[in-house]
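Should a chain be cited, it is by its letter among A, B and C, assigned in written order, with residues numbered from 1 in that chain.
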Amino acid sequence: MRNKRATTLAALSIGALMLSACGSAGGTAESPASEGATENLATTINIAISQAPTGYNGNTAATNSVYNGYVSNLTTSGFAAFTAAGELEANPDFGTYEKVSDDPLTIKYTIDEDAVWSDGVPIDYDDLLLTWAAMSGTNPSGVTDPETGAESDLFKASSTNGFAQTKMIEGEPGDKEFELVFNEPYADWEALLTGDLIVPAHIAAEQGGLSTEGDGAALVDAIQNKDVAALTPVAEFWNTGWDYEADLPTLPDLALLPSSGPYKLDNATNGTLTLVKNDKYWGEERAGKTDTIVFKTIVDEEAVQALQNGDVDVIDPSSPSVDTKAALEQIGETVTVDTGTSLTFSHIDLDQRPGAVFEDVKVRQAFNACTPRADMVDKFVTPIDPEGTVMNLREYQPGQPDYETVLDGAEAAQGDGSADIEGAKKLLAEAGKTEPVKVSLMYAATSQLRADMVALVKDSCDKAGFEIVPQPEAEWSAKLSQPGAWDAVLFGWAGSGLVASGQSIYVTGGEQNFGGYTDPEVDRLWTEIATTTDADKVPALKTELEQRLAETQYNVVLYANADIIAHSSKLEGVEMNPTQTGITWNAYSWTKQA
Amino acid sequence: MFYFIAKRSVISFFIMLAATTLMYFLTISSGDPFEDLGETNGPEKAATIAARTEAMNLDVPPIPRYFLWLQDVGHCLVPGGISCTLGQDRTGAAVLPQLENAMGSTLRLVVVATVLALILGVVVGIVTAIRQYSVFDYSVTFLSFLLFSLPLFWLSTLLKQYMAIDLNTWLANPQFSYLTIALIGVIAGVVWAVVVGGDRRRRLMVFGVAAVATALALYLLLVTGWFTKPGFGLLGMLVSAAGVAVLWTALLAGFRRRRVLHAALAAAAVSFIGYLVSIPLLENPNWFIVLALVVVTAVVAYLVAGVVGGPFRAQAAKIGAVIAVSVGLLIVVDRLLQAYPTLSAKAGGRPIPTTGSQSANLAGTFWEINLDFALHLILPTIALTLISFATYTRYTRASQLDVMNQDYIRTARAKGLSERTVLVKHAFRNAMIPITTLMAFDFAGVLGGAVITEQVFGWNGMGKMFVDGIDHVDPGPVMAFFLVVGTAAVLFNMLADIAYAFLDPRITLS
Amino acid sequence: MTRNDSPRDDSRASVELSEMTLQSQDTDIATATPTREQTDRIRTTEAKSQGRLIRERFFRHKGALAGIALLALIFLLAFTSIGFAGIPGWWNKDYDVLADRFNEGRPTLTLWPFSLGEHPFGQDVLGRDYFALTMRGTQTSLIIAFIVGLVAMVIGTTVGAIAGYFRGWTEAFLMRITDVVITIPTVVIAAAVAGIVAKHGIIPFALFLGAVTWTGLARLVRGEFLSLREKEFVESAKSVGASSARIIFRHILPNTVGVIIVSTTLAISSAILLETALSYLGLGVTAPDTSLGKAINDNRSALTVRPWLFLWPGAFIIGIALAVNFIGDGLRDAFDPKQTRVKQ
């Protein structure tokens, strides 16, 4: 009995093995997917974003987020935009501009004759005037804050930089040409009317109870005459009327959301936003190539698998790890990976107020010397971006074209970034430190990367005569501006590509100058830089600035974060853009093979 | 009864009130609502702080702030009053619309997961109880403990890799080598042998039959391209209908009464005719048509089975209706399967998504849209189900064993009732009593589990509202989430108590 | 997570109906149909204490024994390898010492021939020994789990005992509080609490988690007390003038030990998973501390690339939870005097 069964089993298994040698069952001879595919979704490109867009008007303090920008790159037009190289490039589709005078700084803008909102209303003077009114902070609401005594503005703009320095734009309703006149020179004038700044004034006026007759004459009147009563409802709509519901369950009435770009908003469900080609788009350069673009909300950690599964075609994870890249490359040829340097950089700010640990410049230099910057790059940057380097400048990131030129001129800033323990010891001795210098190094408690970086600093600097005490804080950013809450703090800044945006980080008493750094020479240089209107002169001034900042060891700059994007290999035209414009900067030109 | 409900409602209301207080203060003390603004500067920062302060009433001390929130909730309870918003989130947007939107997808997920876990868990639990201390019992015990011990997101990550990415790749070109087919057959054989049990000879028989049948079926499905164009087909439906009839008869009546079996088969025939007749109606129907068709078929089957059933009219009629509804379900499944090829094509040939709760811009038939929902549900449901499944099997097993040790079961056996009657009529029913409470708890628990699942699978549901709310120290969305979860917990508890009283005559509600 | 709310340790929803407990319904290889071994024992007339019976029943539960062995092994490994509280262990590397990476930080553990190698579980990105790191995480997770279990046990037992023994307003008050806390799903209340205390270190974190997970136990203990306080031996203790404290501690509590221990074990396994879930939500243990949950969460993206970073801590989580669950199962069977094997 037993034998018999064993024989049967053996026979069965041999049979199975023999069968297996003969190949396999099933499989599809012809591809069934292709025929039906074209009718619905094959003309669609899906883009992953880690947070749902929050509003149509991305210029308010509440809605000024990267992800709103990702959408408005496609649904709005401006006079210029940042390219992949991080430089401003004029957008001839929308119009032209030129500097006509240096004193006072005057820029002449001309909007393209054919430029219209997707509801057919021309883009003209009233739109620009509303933008100016909203972004210049010149419309006091009459309400004062009981604590600060400051009067709030009708418009809750994300920033009034630039427009606050200009006079009201003169013109008549319906004008397509106008001049922007500055009260004082402004270095970043060219970046002023870019991106999604221009919103449809006729919608705001209508919703604010004003007539839209005569190319928005009523609104123009109200702004020009500072008619607070008439402007208040308009401003209220501008502030919140264009907001989406949280997590984007649906879009508001599409009639309120006209587009000035190659795509227009179509619908939204559960955090998924759909754009379709704007049939009223007049331009040729930026005309959309794919019918539909869909934004899907997916948290960064889940994005790789979503891309691998084809749920999305493009991902742009915001803080990629070494594993992100390896995981993407492991997927194989169906996915294309691109890496580069982002404008976000990590650095350690030092508390140098009188009496603080880093008051003495020698101690700061010692800390800079013992920080293993090159090691950090080896561990956290080059595994993602092989071309990543130590960052030596503060105002330029290695990815930018001027980085090398400026670095060549700023001798004090140069260096390979490897830890110099002996040098640090010597500097500390010169500073008269005989005991280990205790440094409380604060960082974001939730970030393992930051914890790892602090571990590297501690490993190295403890040998040089420091005693690094890691200080993880959940509420680290609130503690930034509390003197004495930390001795050193490790965090990141996002570079903007603008000339003067870093001013408040470095000048005496600057709002983001958390370490209490003060240097008259630096203050002077910044005043000069901020009022320089000739972009060509900036590198020379900044070279001087970088030299001074390095000599006085403002802080310890570490590296520019590596950036990674990945997309389906069926997609063509995707190019990384390290600026805040982001991956969708040229999405109108993308095509996807079915 | 009424007194009981009234009393419980009042108590529940106050419990809920106290729980909201606790939750509210925990939420607002969990961090700094301006945390994200530390690095920013300029008027933007001041404006955001001002806007947020206004939206979240941060200028009001915590206790009155809680009452302000309570007042907002109160507006929703009083009909016709001031508009109901459930307060504002930190951007100043009303919370209620967000909640309404989030609830839909979350409830879909939670209900499906609970129902699946319940059915699977109860069936497996009962089988393990009947076959106590068998290899099967031990295997299930081990498996359920293992599932119970898995971190949910860990499991989800693995599911995405193997159940979506790899399965999709396979589905694009479904084929197995003969070795794989043979192996699957062997595995199926082992599983069946373990489940059915018996002496060595019987196990071997079961193993052989199951292994060959599985391998053969798989082979046939593969060579006929079933995986690219799934569906039951006419013949499949006929066989399925007959099978359903036999199954229900076996379970509910046994085969001793031939007339009942005949009635069941008649009901199956009626359902099958219903299927044939409804083919044109079901091209692109809506839920109303589907439901109406099921009801009509059930009524006809009820009548026909009653007539055929003769002396056992009542029993036969009921079984007939059950069969009709079951076949109705099969038809729905069949239709969904038939929609698969076109939907799969629309999804770019990768039908099982790893993220989201539905496809954007899907224009398709009723079946395609619902299949799309179902495909999006697959992964999160499996993740949630597997974990509840463990609880249900363990409790059902315990409960069933407890019942089977009772004297009345012994009496029933002594009376000479068939094993089927003992198990189904006496044991099962009583074993289900404690499960009702379990369900009440599990439902609220699964809602809590959705917090993790939604995050992993990119669903914009209530769980996400909660997580974001906690992140932003924003009590509005957190409390909205809690209102639903807490109310569900309280309500289900009450319902369970009432169900208890209905199922167990020893308990009176007073 | 769902499992934390499942009535595994509290099958009763309502106060009114809480008398039938599921705890007493599971069964084991048991006494109704004596096995030969048992028949032999019955012949010897030696009296057995309750404790001994329980021990015997427990040691007959193979799963529970395996669980004990596994848990003991994990405990030993975690606490002796890298040492604890300043006492050095036998493993020569520290979890926070940076080093060069060998072979991209791959694990050096080989099973055949067995050898640990330099870094048995590999190294993380900074070259830290991942075995030491995993052991450190295991220590933290075990400490958290056991503190949570202990705190839940103490609070739950106290509340349940007082409510069940004194009844009346005390009971109403305590049980309403229990109802309030139990209304909030564990993961939800734990997430809110974690936001407040996680930054203060693992001990306060664990204490507070324990302080919100005691509710199920309180209900069970109360149920036991309600039925036990009516028993004759309590009556007789009362009649000879024993104090309430004495009756509670000497007479009733010892009889509820089973329920308490079983629930506590399950609370411990839930706590391990709860900690993992909170880590996933970014609300758990923070650096420089580490835990198993934090380790797998930090290395989520490593699943397909450096799987050892993800799988080793995961294996330890599953190992601990599985072991504790089996122990709980064995304890439940051991403590349940009504257990019988069903006669077929």
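Of note:
Here, contacts are C-beta pairs under 8 Å (C-beta built on N, C-alpha and C of every residue); 3 or more make two chains touch, one makes a residue touch a chain.
Because the structure is a prediction, the values reported are computed rather than measured.
Averaging C-alpha coordinates per chain and comparing to chain A, the farthest chain turns out to be C. Interface comparison, B-C against A-C: more C-beta pairs in contact at B-C. One inter-chain figure worth recording: chain A and chain B are separated by 42 Å, centre to centre, where each centre is the mean of the chain's CA atoms. With centres set at the average Cα position, the gap from chain B to chain C is 28 Å.
One finds 46 Å separating the Cα centroids of chain A and chain C.
Residues of chain B found to touch two or more other chains are 31, 157, 161, 455. Residue positions 474 of chain A are each in touch with at least two other chains. For chain C, the set of residues that touch two or more other chains comprises 282, 300, 303-304. Every residue of chain A that touches chain B in the complex is listed here, in rising order: 5, 16-17, 19-28, 32-37, 39-42, 44, 52, 54, 61-62, 64, 137, 145, 148, 150, 152-153, 156-161, 240, 243, 245-250, 266-267, 269-272, 274, 292, 294, 296-299, 302, 305-306, 308-312, 474-481, 491, 493, 504, 511-512.
Chain B meets chain A in the complex at residues 31-32, 34-39, 41-48, 50-51, 89, 91-93, 97-98, 101-102, 105, 157, 160-161, 164-165, 168, 172-183, 204, 219, 221-223, 225, 227-229, 341-342, 344-350, 352-364, 455-460, 464-465, 468, 477. Touching chain B in their complex are the following residues of chain C: 1-8, 10-14, 16-17, 20, 22, 24-27, 29, 63, 176, 179-189, 191-196, 269, 273, 276-277, 280-283, 293, 296-297, 300, 303-304, 314, 317-318, 321-322, 325-326, 329, 340-342. Here chain B touches chain C in the complex through residues 8, 11, 14-16, 18-19, 22-23, 26-27, 29-31, 129, 132-133, 141-142, 145-146, 148-154, 157-158, 161, 384, 387-388, 390-391, 394-395, 397-399, 401-402, 404-405, 434, 437-438, 440-442, 444-449, 451-452, 455, 466-467, 470-471, 473, 478, 481-482, 485-486, 489-490, 492-494, 496-497, 500, 507, 509, going by the rule given at the top. Those residues of chain A whose C-beta lies close enough to touch chain C in the complex are 301, 304, 321-324, 326-327, 330, 379-380, 445-448, 450-452, 455-456, 459, 470, 472-474.
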